[in-house]
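The following pair of complexes shares a single chain, chain A, combined with chain B in the former and chain C in the latter.
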Partner chain A sequence: MPIKAIKEFFRNFTELPKALRQSVVRHDKPTSDRARSQIIFGNIFLHILSTRTHRYSLKKTFTLGLGVMAVSSFIILLVTGILLMIYYKPSVEMAYDSIKDIHFVVPGGRFIRNVHRWATNVMIVTVFLHMARVFYTAAYKKGRAFNWVLGIILLVLTLLLGFTGYLLPWDQLAYWAITIATNIAASTRELTDVLNMTSYCDPGGFIKVLLLGSEHIGEEALIRFYWLHCIILPLALIVVLAVHLWRIRKDGGLARPDKLTEKELEGTPKDALSDKVFDYAPEKTYGLMCLVKGKSPAVSRGPEQTVSSWPHLVVRLMAVFMMTYAFICLYAFFFNAPLKELANPSVPENPAKAPWYFLGLQELVSYSAFMGGVGIPTLALLGLAFIPYLDRENQEIGRWFDSKEGKRAALFSFIFASLMTIGMLALTVKLGWLRNWFPHIPQIVITFINPGTILVLAFIIWSFYWMGKDNSTRMAALALFTCFLVAFVILTYFAIYHRGPNWEFYWLKSQWPTH
Partner chain B sequence: MSPSAEKGLACKPNIGLNKKISRRDFLELSAVWACATAWVLTVIGLLKFPKPALLPDISNKFKIGKPEDFPVGSAKILADKNTVIFRDEEGLFALSLVCTHLGCIVSKTSEGFSCPCHGSKYDKKGNVVKGPAPRALDWFEISQLPSGKLVVDAGKRVPVGKKYTV
Partner chain C sequence: MRKVVLVSSLIVVFVLFFEAYRENVGDEWRYYQKRYKEELKKLATNDQEKQLANNYEIKMRQIVLPELNRVDRCISCHVGIEDSRMGDAQQPLTVHPGDILEIHELDTIGCTVCHDGQGRAITAKEAHAVGIPYWEKPMLFQPFLQSNCFRCHNMDELPQLMKFHEGKKIFFSNGCLGCHKLEGKGGQLAPDLTNVADANIHLKHPVNEDLIRQFHKNFNIAYIYESVKNPKAQPEVTAMPSFNFSEEEVEALTVFLKSLSARAVPASYLAQKRGGHQSEDVQGEALFRKYCVACHGIDAKGGVKNINYVKRTVPALNTLAERMFLAEPEDANKAAELLEKGVDITNMSPELDVPNRGRFLAQYRAIRNVIEKGSIAGKEDSKGPEPLLHMPSWAEGLTRKDIDSIISYLIKLYPWGEKKSEENNE
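And now, the complex of A and B:
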C-alpha cells in the first residue's frame, strides 16, 4: 500500500499556501537585523537600496523628498499613459475625437487624462527642484559628477516627453505650440541665411523634417510624436533612470558631510546599531576591496549612524509616493486638462503659447528665434552638464548652500538676477529693442545683441566676479546657477501672466482685448 | 598604470603593459573592434530609416485663375494656401502669410501684416517693421500657363519687389 506517499501528498496539500509563500519570500519576519537586510537584498526591486541607510539621508529638510516625488509622478504617468493608449488613436482624423471620447464617454477617462496631464506638471516641477537641491547641497561632487550629467539627460528627456505629448490631442493649443517649437529647431536658418549657406547646410531644417516627417505638421508628424512619446522617450528615460538610481548606491549613497553633529541628525530615526562602534575587523567578508573606491568599512571610527532600510527608508519612500499620488488625484478631481478647438492650420491661437515650462524660452524667442530657442538653451544645458567638471573644489558636501559664504553668494545672486531680469523686461516692454530704434538694422545684430544674450552675458560676468572675489569656483557656480534659475522663473512667470494677444504686455488677463 | 598608483592597491592589477602585443591579444582586439565597427555602421545605417526619402506634402504649385480675376488694386487672400495675391499697376505678386519668425499665420492690416504669436509687423511689401521676424515675408514665383491661367509656386522664392507683369 502506498500509504507513505498518500500521507505525504495530503501533508503537502495542506501546507501548500505556506510552501508557496516560503518559495516566494525567502526570509523570516523582519524581527532581526539579518531578516530586515534580507528583505532588501533578497528582492530585485528593493535591492537597489542598500540594507542600511545613513540617518542624514532620511533627514526631511535635506532632500525634501524631491527625487522620490519625481519618480513617483513618473510611475503614475506610466500607468495612466498605458491606459490612455487603449482609446487614443494617433491619426489626424481621429485623434481629437478620441480625446473627446476619453473625456466624455470612457468611464473614468476624464479623470485618467487629468491625472496624466497634472502628473506631467508635478514631474517637471520636482525634477527642476531636485536639480536645484542637488546643486545647492554640492551633491555633484566626490565621484558623483557623472550622475549629475545623467540627471541633466533625465531633465531633457522629461521635457521632451512633455513636449511630444503636447501634440497628441490635436487641438489648437497642440498644433500651434508644435508649429512654434519645430520652427525654433529650424531657426538655425537665422544664422545660415546670413552666411548664405542654408541651401546646402541646414541642420535645423533637417531636424525639423526628421521630427515632422514632412515640411508641415500632419499625419507623419503625429505618428512620429506618438512613437517618441509612447516608446522611445519612456524607454530611454527608464534606462537612464535605472543607471541614475544605481549610481547613487555605487557613489556611496546620498551626499552627506563627513562630520555630523548630533543636532544635524535631530529628527531622524535611530536603531540599535546606529550608535554602535565597530572596533573589530570582520572575520570573513566578501568585499572586493581592491575594486571599490572610497574608504574601507569603519573599524574603530566611531558610530556609523545608519539605520536599517527596512522599514525606515521604505516607509518614507512609500509616504512620499502616497503624498504625490494623493495630491495629483485631488488636483485631477477638481481641475480638467485643457482641450481647445480642433487644430486649424490657417488660424493661429492668439496668443499661441507653448506649455508653461517652455514659456521662459518663448519670451527669449520673441527677441530672437535662434538665440532664444537654440543658442541660449544649448549653452545653458552644456553649462549645467559640465558644472561638476569645471568646479572640482574639494569641500564639505551635503549642506544647503555649503556655508555662510555660499548663502551670501546665493542671496546676492538672487537679488542681482531678479533686478537684472525685471529691469531688462521693463526696458524691453517700455522702449522696445534695436529694431524699433534703427528700423533697417541687419538681423544678425539682433540675433547676437538682444535682451536674452545681454542677460546671459551679465550673468557670466557676475559669476566671474564671484570667482575672483571669493577665489572659489564653487562660489562662481553658485552665483551662475542662481542667476539662471531666477531668470528662468521670472521669464516663465512673465510669459504666463503678462503676455497676451500679439505677445503684448498686459498687467492682467482681464485687460486682454476681446475680439 | 603608474607603479605609484599600483602601490595603493591590495590586489595587483593583472594588466601587463607589454609594448609588444601577442598574436592572441591582437586577434582578440581585432575581433572586439570588428564587432564595434559593425554595430556603429548598423546604427548609422538604421538612422537613415527615419529620414523621409519622399515628403508626403502636396505640390507647392497651385493655380489661381486668370489675370482678369485680379482687378488692379485688389488683394485676394487664399486662406487654405496661406497666401495673398496682390495686383497693382505694375503687376501681380504673391506673398506668403506664414511669419518668417516661427511659422504663425499673419493677418492683413491696413498698414501691412501683423503676426499674433510674437508681435512681428510687416509693411505692405512684407518687409519687417517691428518684432523678432528675421526676414521679409516670402514672395512666391508667379508664372502663366499657355491656357492663360496663373500658377503660384510656393516652393520658389523671388526677391522682394519682383512683380509679375501681365
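And now, the complex of A and C:
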C-alpha cells in the first residue's frame, strides 16, 4: 500500500529533528546515574574523564582550575593559530606586511591575532601557577612522579612555543628578542672560551646554528621557527599533554588526602551516591584486578565521596574554559598585540629584551652569560624534574602546604628569598660586582661567583637547613621550590620594569635617557 | 557554575558582536565614502550622473603596487582625490591640489612613495602615522615633501624645488664631505649620510619633545634638524662644529638631507636615468668647499677650535704660497697654473721655472703627503683628551689631480695685497 509509505514518510519528516538529535547523542536527558555515566563513557571527548569524580577534586580552592585554564588557552591558541596560518607568510620580505594586512584588512584578523597573542601569556602564566599548585599540594607523590616530569616537559614545550612564535611578526621586538635569546643559547662559549676549546668544541654555537640555521637571524631562522611553531612543537605538546591527562586517570584522579573531614568538602557538590557505602559484593567479579591497581572491589569501605561527572565536572570544565576565553576576548578587544617597526639588523633595540618569560634569565645572563643562560636554568630544570625522586617521603597529599610546618617553611622561605633576591639586586645596582672592583679579574671567577650563583647557593644552603631542622626532605623541597619561584618572579619583574638602555637600572621607564 | 558558564558565554558573545560592529560598520572610511556618495548625488545634474551616484559602491579601495611592495589604501578615505568637482570639499574628500596627478598616474604610483605614511593602514591615525611611534616614515609635510621627489627624479630637472636646491648648495659648499660620506665619497670621521633619511636610531634616543612636535612627530626629520642646528646636542661628544646657519638655511639643508634615502624604486619608476647627488668637481675651489672648508674655514683662513690640539685651532691654509717659498705673485701664479693644468711637476718639468725649485718641490711633496695620508693632531697637554679632529687620509677619496687642484687653489689664496701694503708701510 503506497498510503502506508507516504504516511510513514510524513511521520519521519516531522520527527526529523528528534531523530537527528537522537542519532547524534543517542540518549535522552539523563535521569539515572547509569545514564549519566553512559554520557561520559559514550563520548569520545568526555571519556577521558572518569564517570564519577571525587568531591575533593571539584573543590575550587584546591585546584583553582589552573590546569584546565592552561589547556583551555592551548585550545584557543590552536584554533586561532590555524586561522592565522591562512594569511601569514613566513618570508623575510612578506612576513611583516602580512601581519599588517592581518591587522588592517583581514576580516577578524586583528582580533584573532590579539586573542592568539594574549592567550600565549595566559597559557604561560597558568602553566607556571599550575606547577606551583601541584608542588604545594604534594601532588607529585604516590605514583605521580613521572607525570610531574611530563609536566616539566610541557612547561618547556610551552616556553618554546611562545619563543618560536615571537619571531614570526618580523618586527624589531621579535628580531632583537630572538637575537638575545639565541645568544643566551650560545652562552656556553663563555666557559669554552676560558677553557680555550671554543674552536673545536662549541656546543653553544652549535645550538645557536641549529636554532637559526645560520649564524644570523634571516630567512632560514624564520622558516625554521615557523616550522617548529606550527608543526613540531604543537604536535609534541598534544602528545605529551594526552599522556599527562591519561596518567591522571590511571593514577586514580587528582591527588587528595586519604582522610577528609566534612569541613574540607564544604562547598563541593554532592549526590545520592556520595555518602553511600557499598556493602554488597557480587559473588562473581570479572575484574580487571590484574590490570588495575588497588584493592577491589571497594566493598564496605567509604563513603567514596564521589559525584557523577556529568554534569558536575563537565559544567565546571565548561565554566573554566568560558571564563578563560571571556577574559582573553575582553583583553583582546581593548589591547592590540604589539607590533613594532620592521626588523632592522643594523639598528639594535636598546634595551633589547627577550620575551618576558625569559627576562629573569636575561637578568642572570647580565651577570654571567654561561651561568644565567645555561648553568642555572639547567640546574633548575633538572632540580624540578627530580623533585619527586629526591623527596619520596610518605605523607598525606592533596593539601596546600601539607600542614602547619609546611606553611611555616613556605612563609619563611618566601621572606628569606625575597630579602635575598632584592638585597642582591640592590647590591649589584648600587655597588656593582667583582668586575667593577677588580677590573683585571679573570672572567672564569665571575662565571662562578656572581649574584646568580650566590643566590642559588644561598637557596641550596637554606633548603638543607630546613631539611635538618624538620628532619624532612619534603620541607627541604618546599623551601627550595619557594626560593626559586620567588627569585624567578622578582628577577622577571625587575628585568621587565627596572632595566633600561644598556641594561642600566631605572625606577621608571620615563627616566630613560632621551638622547 | 551554570551561571558562570552563562555569564562568561554572554561576555564572549558581546565582545564578538562589538568587534564585528567595529570592524564591519564602524570604520571611518565607510563614513567618508557615504559622505562622498551624498556629495555625488547632490552634484548630479543629469540622469546618467544620478545613476552613477546611486550605484557608487561603498567598499575598501586600494592601489596595489607590487613592484614597489606597497599597498596604498589612502583612497579608501580620500575618495575624491581625482575628482575635480571636489575642489571645495573638506578633507578627506577634497581633490589633490595642483596638477601633480596629471603627470603622476595614481594607479601606478600610489600615494606613499611621495607622501610617506603607512599605506596599508585604514584609519587616519595609523595611515598618517603621525605620533605612531612604530611606523618609521610618518606622512611628510611641506617643505619636506620635496625630498621624496629624489626617489624617482633627476633633481637637476626640477629647479622649482627651491628649498631642496638651496639645501644641496649649502651641503656641497660647507665642507660637509670632509667628515661625512655620501654615495661612497667623503671623509671617515663622521657618520655616512647616504641613507640618513632612513636612520631610525632616534626612535630609540628621541630628540627633545618640542622639536618632535614641530616636525609633526617625524623623529627622523627632528633628528636631522637638530644635528644641523645644534650639533652639540648629540648624545656623544661630537667634533661637528656649529655652523651658525640661519633658520632658513637649516630648513633647506634638512630638506636636502631628508632626500638621502636608500629605499630605491625599481628602474621602471625612474623618471629618467637618475643621477646621485654627487657631481664630478675638478675645480680646486669647488673641491675645497666640498671637503675642507668645514674645518679649515672659508677661504682657508683658519678654522675651528680643536680641543687640546697643539695649535688650538685647525691650521689656516691661505699662506701656503709663502710656505712653499713662492715669494712673488708671478711665481705663485705660474706654479698654481701648472698644478691646475695637471702637469706632473715632480719630474722636474722644464716648465716649472720658479726660484727655489728644489725647496718648493720638497714642500709640495710634504703637503701632498699630508693630504693623502692624513695626520694625527698632536696634544697640547699630553695628559689631556685626544683632540677630536685630525686630518683624515684622502688617498682614496681624492685623485692626485684633485689634490693638485686644491693646492693650486690654496696657493692662489695668498693675500698678496695685504702683504705688499705691509711692506710699503715698513
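The definition used in the following text is that the second predicted complex is superposed on the first by the 481 of 515 C-alpha atoms of A that agree within 3 Å, B and C clash if a C-alpha of one lies under 4 Å from a C-alpha of the other, contacts with A are read in each partner's own complex, and residues count from 1 in each chain.
Convention: contacts are C-beta pairs under 8 Å (C-beta built on N, C-alpha and C of every residue); 3 or more make two chains touch, one makes a residue touch a chain.
Just so it is clear, the structure is predicted and the values come from calculations on it, not from any experiment.
> Can A:Ala319 be said to touch chain B (first), chain C (second), both, or neither?
second
> Of the two partners chain B and chain C, indicate the one touching more residues belonging to chain A.
On the superposition, B touches more of the residues of chain A.
> Counting only touches as set out at the top, which of chain B and chain C does A:Ile415 meet: first, second, both, neither?
neither
> Between chain B and chain C, whom does A:Val429 touch in the aligned arrangement: first, second, both, or neither?
After superposition on chain A, A:Val429 lies in contact with neither partner.
> Between chain B (first) and chain C (second), which, if any, makes contact with A:Phe104: first, second, both or neither?
In the superposition, A:Phe104 touches chain C alone.
> In the superposed arrangement, which partner chain does A:Val347 touch: chain B (first), chain C (second), both, or neither?
Both: A:Val347 reaches chain B and chain C.
> Go through the superposed model and pick first if A:Phe333 touches only chain B, second if only chain C, both, or neither.
Touch partner of A:Phe333: chain C, not chain B.
> Give one of first, second, both or neither to describe whether A:Leu382 is in contact with chain B, with chain C, with both, or with none.
neither
> Could you tell me which stretches of chain A are touched by chain B in one complex and by chain C in the other?
Overlap of chain B and chain C footprints on chain A: residues 347, 349-350, 501.
> Which of the residues in chain A end up touching chain C in this complex?
93, 97, 100-101, 104-105, 107-108, 110-111, 171-172, 315-316, 318-319, 322-323, 325-326, 329-330, 332-333, 339-342, 344, 347, 349-350, 501, 513-515
> Can you tell me which positions in chain B touch chain A when the two form their complex?
9-11, 50-52, 55-57, 79-80, 82, 101-105, 114-119, 128-132, 134-135
> In their complex, what parts of chain A are in touch with chain B?
My answer: residues 176, 179-180, 182-184, 187, 189-190, 193, 209-210, 213-216, 218-220, 224, 289-290, 345-352, 362, 365-370, 432, 435-436, 439, 443, 446-447, 501-504.
> Flag every residue of chain C that touches chain A in the complex, lowest number first.
Going by the criterion above, the answer is residues 1-2, 4-5, 7-9, 11-12, 15-16, 18-20, 23-24, 60, 69, 71, 73, 118, 120-122, 126, 134-136, 200-201, 203-208, 233-235.
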